[in-house]
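What follows is a single structure, written as structure tokens, with notes after it.
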Amino acid sequence: MNLAKVLGTVVSTQKEESLKGLKFLLLGQVDTNGALTGGIVVAADAVGAGVGEMVMYATGSSARQTRFTDKRPCDAVVMGIVDSWEIEGEELYKKGERE
Amino acid sequence: MNLAKVLGTVVSTQKEESLKGLKFLLLGQVDTNGALTGGIVVAADAVGAGVGEMVMYATGSSARQTRFTDKRPCDAVVMGIVDSWEIEGEELYKKGERE
Amino acid sequence: MNLAKVLGTVVSTQKEESLKGLKFLLLGQVDTNGALTGGIVVAADAVGAGVGEMVMYATGSSARQTRFTDKRPCDAVVMGIVDSWEIEGEELYKKGERE
Amino acid sequence: MNLAKVLGTVVSTQKEESLKGLKFLLLGQVDTNGALTGGIVVAADAVGAGVGEMVMYATGSSARQTRFTDKRPCDAVVMGIVDSWEIEGEELYKKGERE
Amino acid sequence: MNLAKVLGTVVSTQKEESLKGLKFLLLGQVDTNGALTGGIVVAADAVGAGVGEMVMYATGSSARQTRFTDKRPCDAVVMGIVDSWEIEGEELYKKGERE
């Protein structure tokens, strides 16, 4: 999975039938400090993530295997809202402090 | 999925049997402002997207699971025409205004 | 899929049993003008493409689903010989004119 | 697979149901000298790797096929703790000496 | 598939059960001249490749479909030892001459 920040939402009315009902989030990939690296991805939301939150998302066939995306042709899904991460014992990100 | 702009079309007469009948679009990847980043991809069209429209496309095995591409050896498919996207409440792209 | 130019061929005598009989082409990825970008890939040939031709190739599990590669452990296959592509109505590549 | 160093851990309470119970490690990709290249990935741990250890991790559908991740929607898993690697007979990394 | 040079070997004692018995090679990706590009990958060996040889390797789900890796969670496998490759009729690599 990759770390990303939820930047916002993408609206698409005319879309593949089987994707209807899913919410699509615009994610910005981040580095270990939580800074945006420039890479973006559009991911379905499996956990109710909000704008500004740090998340981890999966790509590829795993993206079709959550409760929300089961058998739907998704290739990227937000799998979890990140509370914190630490590197060698130092907490580099903690939700609520660095968003 | 990724965001892209439909740049044009690709014509291929001599192709794998199972791809016949599909329309292939030439897509240019875009950043959050809708500006082209230089990356391109050839994707089958599952939604009737037109040149100049912003779309979201999926890659990998999900690309074989739309109505149009079911079980065909596609690895990239346009899944939706994008109406708009917003970042932290600001609309950065809206169809008809920034194409 | 991606656009590429057929640069040449790769010969491998000692190879995985199930790949025997396939022809392997060395492809160079191209940009929208048909210029090489530096990226290369070795792909099985499903359409009889020749050196110098522009092609589109697929990667991943779709590469195992053509007549020639069915169930063989391929991860890249030339799916079609490209006749032409156009961007916003302008033909940027036409076979026989820009090779 | 890729070589990486275990940088730390990622905590996510609100996550896809089927991922519960897995430990997520923050990995930093390394070059042949074991130096960090800047790329990061969040991987489930199938082998009990600790912070500072060099590991090899797999991505894609293989990540759902270990004892710990069987059928769970993972796209990256630590598959082994690396003891050493050598290039043309020279040992460039040995566990315990270069961490 | 991609072209790479076998740089050396990776030793991992503590690893996912189902990977035991496989030999892991450290590969360096090469360009059309056979020069290293800096990219590396750890691949299982399906053909008995030796250090210094040029090989082609596959990634993704195809990597689980050779005699040696059948159903094992591999994501990269050396599929063939390369004898030679040529570009537009010129032989840019021939085994035994440029290693």
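All chains are identified by letter, namely A, B, C, D and E, in their written order; residue positions are counted from 1 within each chain.
Note that in this section contacts are C-beta pairs under 8 Å (C-beta built on N, C-alpha and C of every residue); 3 or more make two chains touch, one makes a residue touch a chain.
All of these numbers come straight from a predicted model, not from anything done at the bench.
Hopping across touching chains, the smallest step count from subunit A to subunit E is 2.
The fewest steps needed to get from subunit B to subunit D, moving only between touching chains, is 2. Our note on geometry: subunit C versus subunit E, Cα centroid distance of 20 Å, whole angstroms.
With centres defined as mean CA coordinates, subunit E is found 33 Å away from subunit B. Under the contact definition stated at the top, the residues of subunit A that touch 2 or more other chains are 59-61, 63. Chains in contact form a single ring whose order, set by starting at subunit C and proceeding to subunit E, is C, E, D, A, B. On the subunit E side of its complex with subunit C, the touching residues are 1-3, 31-32, 46-48, 56, 58-63, 65-67, 77, 79-89, 92.
Contacts from subunit C toward subunit E in the complex involve residues 7-19, 24, 26, 28, 38, 40-43, 51-52, 59-61, 63-64, 71-76.
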